[in-house]
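In what follows, a structure is listed as structure tokens, so that the remarks can point back to it.
Note that the chains take the letters A, B, C and D in the order they are written out, and that residue 1 is the start of every chain.
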Amino acid sequence: MSILPKIIKRVSNKPPEQELGFGKTLTDSGRMMNPDGVFNVERERFGLWDNTYFNLMMMPGWTFFLYIFTSFILVNLIFSLLYCCLGVEHLQGITPGGFGHNFMQAYFFSSQTLTTVGYGHISPTGILTNLVASVESFLGLLIFALVSGLLYGRFSRPVARIAFSDKLLVSPYRSGMALMFRMINAARSELIETEVQVIVTLNQRDESGVLNRRFYALALEISKISFFSLSWTIVHDLNENSPLYGFSSQDLQDAGAEFLILVKGTDEGNQQMVHIRRSYTAEEMVWNAKFLPVIGRSRKGKARVMTSKVGQYELLEPAPDTALAN
Amino acid sequence: MSILPKIIKRVSNKPPEQELGFGKTLTDSGRMMNPDGVFNVERERFGLWDNTYFNLMMMPGWTFFLYIFTSFILVNLIFSLLYCCLGVEHLQGITPGGFGHNFMQAYFFSSQTLTTVGYGHISPTGILTNLVASVESFLGLLIFALVSGLLYGRFSRPVARIAFSDKLLVSPYRSGMALMFRMINAARSELIETEVQVIVTLNQRDESGVLNRRFYALALEISKISFFSLSWTIVHDLNENSPLYGFSSQDLQDAGAEFLILVKGTDEGNQQMVHIRRSYTAEEMVWNAKFLPVIGRSRKGKARVMTSKVGQYELLEPAPDTALAN
Amino acid sequence: MSILPKIIKRVSNKPPEQELGFGKTLTDSGRMMNPDGVFNVERERFGLWDNTYFNLMMMPGWTFFLYIFTSFILVNLIFSLLYCCLGVEHLQGITPGGFGHNFMQAYFFSSQTLTTVGYGHISPTGILTNLVASVESFLGLLIFALVSGLLYGRFSRPVARIAFSDKLLVSPYRSGMALMFRMINAARSELIETEVQVIVTLNQRDESGVLNRRFYALALEISKISFFSLSWTIVHDLNENSPLYGFSSQDLQDAGAEFLILVKGTDEGNQQMVHIRRSYTAEEMVWNAKFLPVIGRSRKGKARVMTSKVGQYELLEPAPDTALAN
Amino acid sequence: MSILPKIIKRVSNKPPEQELGFGKTLTDSGRMMNPDGVFNVERERFGLWDNTYFNLMMMPGWTFFLYIFTSFILVNLIFSLLYCCLGVEHLQGITPGGFGHNFMQAYFFSSQTLTTVGYGHISPTGILTNLVASVESFLGLLIFALVSGLLYGRFSRPVARIAFSDKLLVSPYRSGMALMFRMINAARSELIETEVQVIVTLNQRDESGVLNRRFYALALEISKISFFSLSWTIVHDLNENSPLYGFSSQDLQDAGAEFLILVKGTDEGNQQMVHIRRSYTAEEMVWNAKFLPVIGRSRKGKARVMTSKVGQYELLEPAPDTALAN
């Protein structure tokens, strides 16, 4: 059965279509947002260095360390070669030998210059070698000045550590059903004035039968809290005001439905705004289930949030994979 | 006597219940917020390194210094051991001796390498020792680049130095009584566009008798000021519109009442938003008292704020520990 | 034909004049904003150092590097001269010779001191030379501390990489025409909650015939999107509500029309607000044309944005350079 | 003649009293805000180190440099003394002599260690001297890490360079008079979405004759502009809606009137919000005068802002120091 008539009626008498900046033509490109919130889009590169800083900020810590270390070795190798070309006899303190031996000694001298450790048991003589060494120590300081900034940029970058349930549940709620997912603030710092927006995107045919990608904001029971300290279950009531009223699991899959979750809050650690995204596809929904508790009691009687249980749920009986409300 | 009927009536005809992100089930976990504004909650750890940056930012200065210094010594010890393993004979300038002597010398060499001071009276020979020294000086620079960023992160972190009165007073106000506490901006920089929100949380039984944790925003005489330059007494009139109208001291204690104070402002020093929190429990209230003045006159005739007197009050006679108004 | 009557009517019954901070007298100073968004204005300097930081942030990377490197050499030259004046005999390890030779050696010593590499094959003796060397190494650290901060300031500065179409099109739209330009987000990080404002500025005579510079905000079909992820064509419908209704290409050029584009959004990489500007003059408009598509399909079936095609359009037939709407 | 009746009438039928956070009791403490925007208030210190960071950020550049340099020398002196106590015979390379000579040599060694230049012609022997040197080089790096951060903090701090006219004019405006002052943006970076608020504070007797300090916001012809690029004359019409309607120059002086100017905008250089303040007292007003132009024409025909002329005005004839309107 086609979902067309229902939707057209809805479109004509409800205004809440959202403009997300994707246009209406992307009806067949699969998932729009990866589960981690990165948009599933390719961009032609603008310039060679354009996104270097962004990449250096976003790569994992070990990758970053390897990048820096490799650069350090590379710069050393280049300067070692340069010293060899200029003649290792200008490196006082070295007993010249074969190329390998000489290169090794030049490498050690280079490293001592780049890091400005400068023991001095090897030291430059001759104008050219001295000038090269001068430039290398200058570059060394510059590079570590850069690394210093990059490191600060990396760890001061506002990030929110939110654990999401990996499924979007359809749970009993009041007299009907509701969409629910759960989040836990896993960071030690509070998230202040946290807001959530949930947008569903689906392919729909308009009056003339053309398939369009449409976006609807879903009304939430609570969309803003003062503190996101413990866990938070976000609830969208699937009543007759919902654009998804009457949809079955199959309907949602046929329409390529995807739920985009946009979380915004202020991290109290550095008082900066953070944005977090997540997406659920129709395939990541569980129908007629409910979440298990995540807040326990610590040995000292304090409330204790069990982050690892954020996604735990139980199926309810019967689990009718049918249309939602009555 | 039960406080139930009063509250139910209030709940049904007044909407201002607040969503703070704690849910309604935490009715017996004691104080919700510590006096210093940290929530009284335990969180299961998410990942090993997750809150390292947060911790390094928040720990006291001396603790931070000790952490850094200990790390410095530790790294030195590891590399000293490494140099010993590779043979101290590869450290030119050292007169080998017993292990203790050798290790000490290796430690000094390591320290000179890690800090890149590199006097050179001890210098590395041999490929392995040279390579290790090269890596150590690289790590040294990296570590101090990191420390550089951490230090900047620490002292540039937006903090507000607000001194709060340690008691919440119930003072005569207009024809009735009012809740009052006092704040002083103890920093040299102004706090611009400062806003205060006061939320009371108490356990209440709903219509079906279930005990819930409820949150009500309290209306304030003035909740926002352009500058928080001197002192500020925040006033909540306990008139018939207050959710606490008619409560006695005992009522509040029975309900486990806690007053959450949320202050928000822009620090003019770095133009960043800051959030400050505090909490008062029913036990930290003083009934029928009033604050003593905190603004005096300096020798030059300027207004002078006496931070140390922020909490000074006098008891008024009679001090009836009874119901509040009329 | 004069454009006066039309405009006066419009001014009198429409309020949306914008205050941009330029006043009304700049009617003959040519382009108000350069295409890159920099205002076409000269400012008397306030103080010598006032804009140094701003300049150091904004100059291209290579210029910045050259500045730093030149400063490094300059400081070295000054100190070299100082060491020569104090006598190179106080630089232990140097074999004195002619001035050129001495100066060169002093330069190398200076460079080794400034970068704190301090090999030690040249070392200072005598009180004055030692003191100067002490100050130089202090300055060296200070300078690289400064450079460290500058570098961090440079690459952490919030920038948005938006590619604009180089022409402003007048395209068929609904039953009439519309102004259109296109933007592509060329950065890897999303631009969240992006808003666009378009202001047209033109010279108009008021009721008494005095020529004034006036500013009107143009209503946009969509002026805010949640994510600026792909491309975005901004549309201003040239219907009877537009302040430009009935203008011909010549009218706009006669009035010195300029379209100021103001884009505002939050960069998700560092969660900071960014502002981007652009301007189009009447001469940069193309009448009766439409943009070619920029979103293609990558080999993996993902949507792919072709940044280089942001400005590609085709002319439509007929291209009547006449008044806009019937 | 007393100004009382006029004011009471005004107070009773106009609500716009402002809460600035000063209370109503400061009626005799002279100027409330210094001309540079710093409040004229003394604060009891909270803790020894509390405002150190703020002070280090705000002090002039040369003072900051002297602080750092003095600290550098001080730390050197302390360590020199320590090396002397441990015995200069443990500083290899030194020829011991009188205390002055020894101390000088120890000072040079200390400086070479603190800056990590470590030439090595002087080097530590003995366990204690080595350990002290190790700690000193560690501290050296820590101190320069700190300085690095402080320097970055200083020059990245959001500041706005706004030149204000030094007088507040009462100028002819429409059919009456208006308060006017002028600002010029003297920085190279634009100030975006700039807002101005003007608050007048004066001593007034309330109904019972008690003298209170009162604050009124003054309505402005334009209070927000999109760009603060050139100059901006802020205008408050002294018509019958103004709380100052009918005041004479003498009235304002008698009431201790002070005009607080609060400017807020976003610096486009670093995209941060900045706040600027200024104050004018009744004595800094000039009656019946008008500002001279500040926008000229550069040689290339560009608009040119002449910052130095921001405060230039001419007196108009007659200059009646009388009541303001009709």
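Note that a residue touches a chain if its C-beta (ideal position, glycine included) is under 8 Å from a C-beta of that chain, and two chains touch if they have at least 3 such contacts.
Predicted, not measured: the structure shown is a model, and the values here were computed from it.
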Cα-superposition angle relating the copies subunit D and subunit B, to nearest 5°: 90
Numbering shared by both copies at the subunit D-subunit C contact, with half separating same from different: different
Most distant chain from subunit C, judged by the mean position of its C-alpha atoms: B
Contact-richer chain pair [B-C vs A-B]: A-B
Distance from subunit B to subunit A - Cα centre to Cα centre, in angstrom: 28
Length of the line joining the C-alpha centres of subunit B and subunit C, rounded to whole Å: 40
Touching two or more other chains - residue numbers and ranges from subunit D: 112, 116-120, 148-149, 152
Partner subunit A, residues of subunit B touching it in the complex: 18-23, 25-26, 29-30, 39-46, 50-51, 53-55, 57-58, 92, 112-113, 116-120, 122-124, 127, 130, 133-134, 137-138, 140-142, 145-146, 148-150, 152-153, 157-158, 197, 199, 262, 272-275
Of all residues in subunit C, those that touch subunit B in their complex: 116, 118-120, 148
Complex contacts: residues of subunit D adjacent to subunit C: 61, 68-69, 72, 76, 104, 107-108, 111-112, 115-121, 144, 147-149, 151-152, 155-156, 161, 163, 185-190, 192, 194, 222, 224-232, 266, 268-271, 295, 297-298, 300-308
